[in-house]
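As written, the chains take the letters A, B, C and D, and residue 1 is the first residue of each chain.
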Amino acid sequence: MRPNTLPTNHAPEAPAPSRLESFSDGVIAVIITIMVLEFKLPPEPGPRAFITHVIPTLAVYLLSFTYTGIYWINHHHLVNRLKRVDAPILYANLLLLFCLSLLPFATSYVLSEKFNSFSVAVYAGELFLSGLGFVVLSAAVTRHFHRTGTANPVNLATQKAEGRKGFLSLALYALAMPLAYWHPSIAAANIVLGTGLWIVPGFMLPVSRHSESAD
Amino acid sequence: MRPNTLPTNHAPEAPAPSRLESFSDGVIAVIITIMVLEFKLPPEPGPRAFITHVIPTLAVYLLSFTYTGIYWINHHHLVNRLKRVDAPILYANLLLLFCLSLLPFATSYVLSEKFNSFSVAVYAGELFLSGLGFVVLSAAVTRHFHRTGTANPVNLATQKAEGRKGFLSLALYALAMPLAYWHPSIAAANIVLGTGLWIVPGFMLPVSRHSESAD
Amino acid sequence: MRPNTLPTNHAPEAPAPSRLESFSDGVIAVIITIMVLEFKLPPEPGPRAFITHVIPTLAVYLLSFTYTGIYWINHHHLVNRLKRVDAPILYANLLLLFCLSLLPFATSYVLSEKFNSFSVAVYAGELFLSGLGFVVLSAAVTRHFHRTGTANPVNLATQKAEGRKGFLSLALYALAMPLAYWHPSIAAANIVLGTGLWIVPGFMLPVSRHSESAD
Amino acid sequence: MRPNTLPTNHAPEAPAPSRLESFSDGVIAVIITIMVLEFKLPPEPGPRAFITHVIPTLAVYLLSFTYTGIYWINHHHLVNRLKRVDAPILYANLLLLFCLSLLPFATSYVLSEKFNSFSVAVYAGELFLSGLGFVVLSAAVTRHFHRTGTANPVNLATQKAEGRKGFLSLALYALAMPLAYWHPSIAAANIVLGTGLWIVPGFMLPVSRHSESAD
């Protein structure tokens, strides 16, 4: 992985993103699978008990898995633009992982409360937090490009467009919180829209659509 | 891991499969070990209580571990053919991981229900889902080879043969679902056969048997 | 990752730190997320029950996550200085991981005991242990530099300064244990100070501040 | 990680051990930390309840952590000799991981049974199984060296010596099972001896002691 000889300059180089990636992968792997532990055997045999007790948990798990998966894919594309990482990027990444790790709980909560106004507002709040974590990480990446002089025009344009996409999501999630008290299903539509923007990683990012998704 | 200099073309390259691998490894590592948490100390000391309470859980765990291990090995060989990944491959991989993560629960269920018809059908259904996830991922890999012009004859032949093997498994699992209502043990034979095809990664794949397994 | 040809000298080389990194990342990923399992749905619906039951667990989780995150970042910088690892480094690393894995429990304990003297002393003791684990690992790294002749002046100076920082933390934590019986909040101030030294990885390390943090 | 150009021979190369390593690291990371979940808050405050309820769990955890850590280090050195992996190696590795994952449970069992004869025999049996898994993996590695013509004299000598060490451990564990019915503490001495052989990875391996441990 690293050459056995000493580098010509004696100072150790800033770390490559490989460890940020493997740590994030480990944390997200635990987050994405931890809800499997919630699956309990139904109290009685037969299809009826199976459907009543297993299907709702399965739906919650699928929702949480999908959401976390979308974040993982976008994290993957964001970090792939980096050659080196610095401390602000590492801390912003920890912030994002912290926010994401609350998602399984928020998903359980909104479903156990049967989508009442407060629980939908809590769920929108958690999505707002995770979105904020991503925007902060993306800003730390942009700052790194500028400070190290490694900013090429394509990466900067991608970062700028991704920032706009991030703020649009944040606005949709923030709006969903008061809307949950007016009508939860309109808030839910906001939430779905705010997340749907991120399903295709290159959506709204004209340049990288060519180079990243269609490659 | 990555060179410090800017690439000559400014657009970031499509990501290498290293992160898909490390994320999948993390998720499968959690899936494969999560059933250890189900091991409970027997309620009383001595060999009898040990055998009655520990051995059945151990059998379930061994079954689930083996099945997940076979999937990991075949996933390993499939991803090893790739140089780059795109968004459809990442999503197909998430789908496969989701399906696989339900396996420990399905295994517990079929054993707690003592192999009655419905539970065997549920188990076959879960194997059908996981098999479908693998076929979808394999199709995304083939599509990637064609779109990027990186398809060499050996890889394409391997993919095609693996696709046939996948559909054969799916047919066996699909057949097992109605058969479970006729006679569970015949359904179980279908299931064992459908999975047994995958124990040797190169089985039914004439070319790669030389290059992958016997290397 | 490794070339297919045999190396010119027949003895296998000492391992690169890549596996130490990926194993540590896996263990720390489990440690940092394991407290999510402590989140329980509140016993009744509505904001009041949410605030009473969820917010304290959230605070504990945030504290434990932050602390573990700071360790991960400093571990990252320490291991980044290495080209090869030896058995003492591997064992010192296991010791550090063991100490860190007790942190979620110690955090739960100090909060469930409402910061009484004994629990604060236990918490300071756990931080002392983790700090000791880090100092031992750092010493194993310095010893490795000397034994293999791979010590360059910059790395040695960084190691020496990091050692001083480590001993300062240890002194603060050790002092916090008896202070907890005099006044817990003064002990808590010691703890915060001892940990705060490590937030910026390059703090008190004049050379690497340039090359690591500001890169 | 992999070059973008096609290799000159069209067949995909046998996979490098990087994924075997990262998967094993993930599984062992979960195994080694899973016992943290067993830590329960003591039922009442104060030092007495802390010592009565926490210290025994801590001792069990430390024992299981140490044992798993020793296996991880030896696994690390074994896999470091490999350039490529084949299917038998992957399956032997899964077998070893399965055996290791039963260790936390066996450790809990022997302590909850207060070291009575049967529980010590169960514990020795689990260590025998894990040792067998390691010997099988080591044999798969030796077979791979012979079949691929990548066997150099140093690696073969190391493998042979490691095999002898493995069989010595197995004999000690096997002997511990009947001895547990005669006198548990003599069986325990056998167990400690059989494991102690592996603390220094290069012990009884004359060549690699130079190149691996003292590097």
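The rule we apply is simple: a contact is a pair of C-beta atoms (placed from the backbone, for glycine too) under 8 Å apart; a residue touches a chain by one contact, two chains touch by 3 or more.
Being a predicted model, the structure only gives us computed values, none of them experimental.
On residue numbers, the C-D interface is repeated by A-C, which shares over half of its contact pairs, out of the options B-C, A-C or A-D.
Compared on C-beta pairs in contact, A-B and A-D come out with A-B as the pair having more.
Of all residue numbers that take part in the contact between chain B and chain D, under half occur on both sides, making this a different-residue interface.
The greatest centre-to-centre gap from chain B, using C-alpha centroids, is found for C. With each centre defined as the average position of its C-alpha atoms, the distance from chain A to chain D rounds to 35 Å.
Between the Cα centres of chain A and chain B there is a gap of 25 Å.
Those residues of chain A in touch with two or more other chains are numbered 1, 13, 18, 22, 26, 29-30, 34, 37, 84.
Considering their complex, residues 1, 13, 16-18, 21-22, 25-26, 28-30, 32-34, 36-37, 39, 41, 45-47, 50, 54, 58, 62, 65-66, 69, 72-73, 76-77, 79-81, 83-84, 150, 152-155, 158, 200-202, 207-208, 210-215 of chain B touch chain D.
On the chain A side of its complex with chain D, the touching residues are 22, 26, 29.
Within the complex formed with chain C, the chain A residues making contact are 1-4, 6, 10-15, 18-19, 22-23, 26-27, 29-31, 34, 37, 84, 86-87, 90-91, 94, 97-98, 101-102, 104-105, 108-109, 112-113, 116, 118-119, 122, 147-148.
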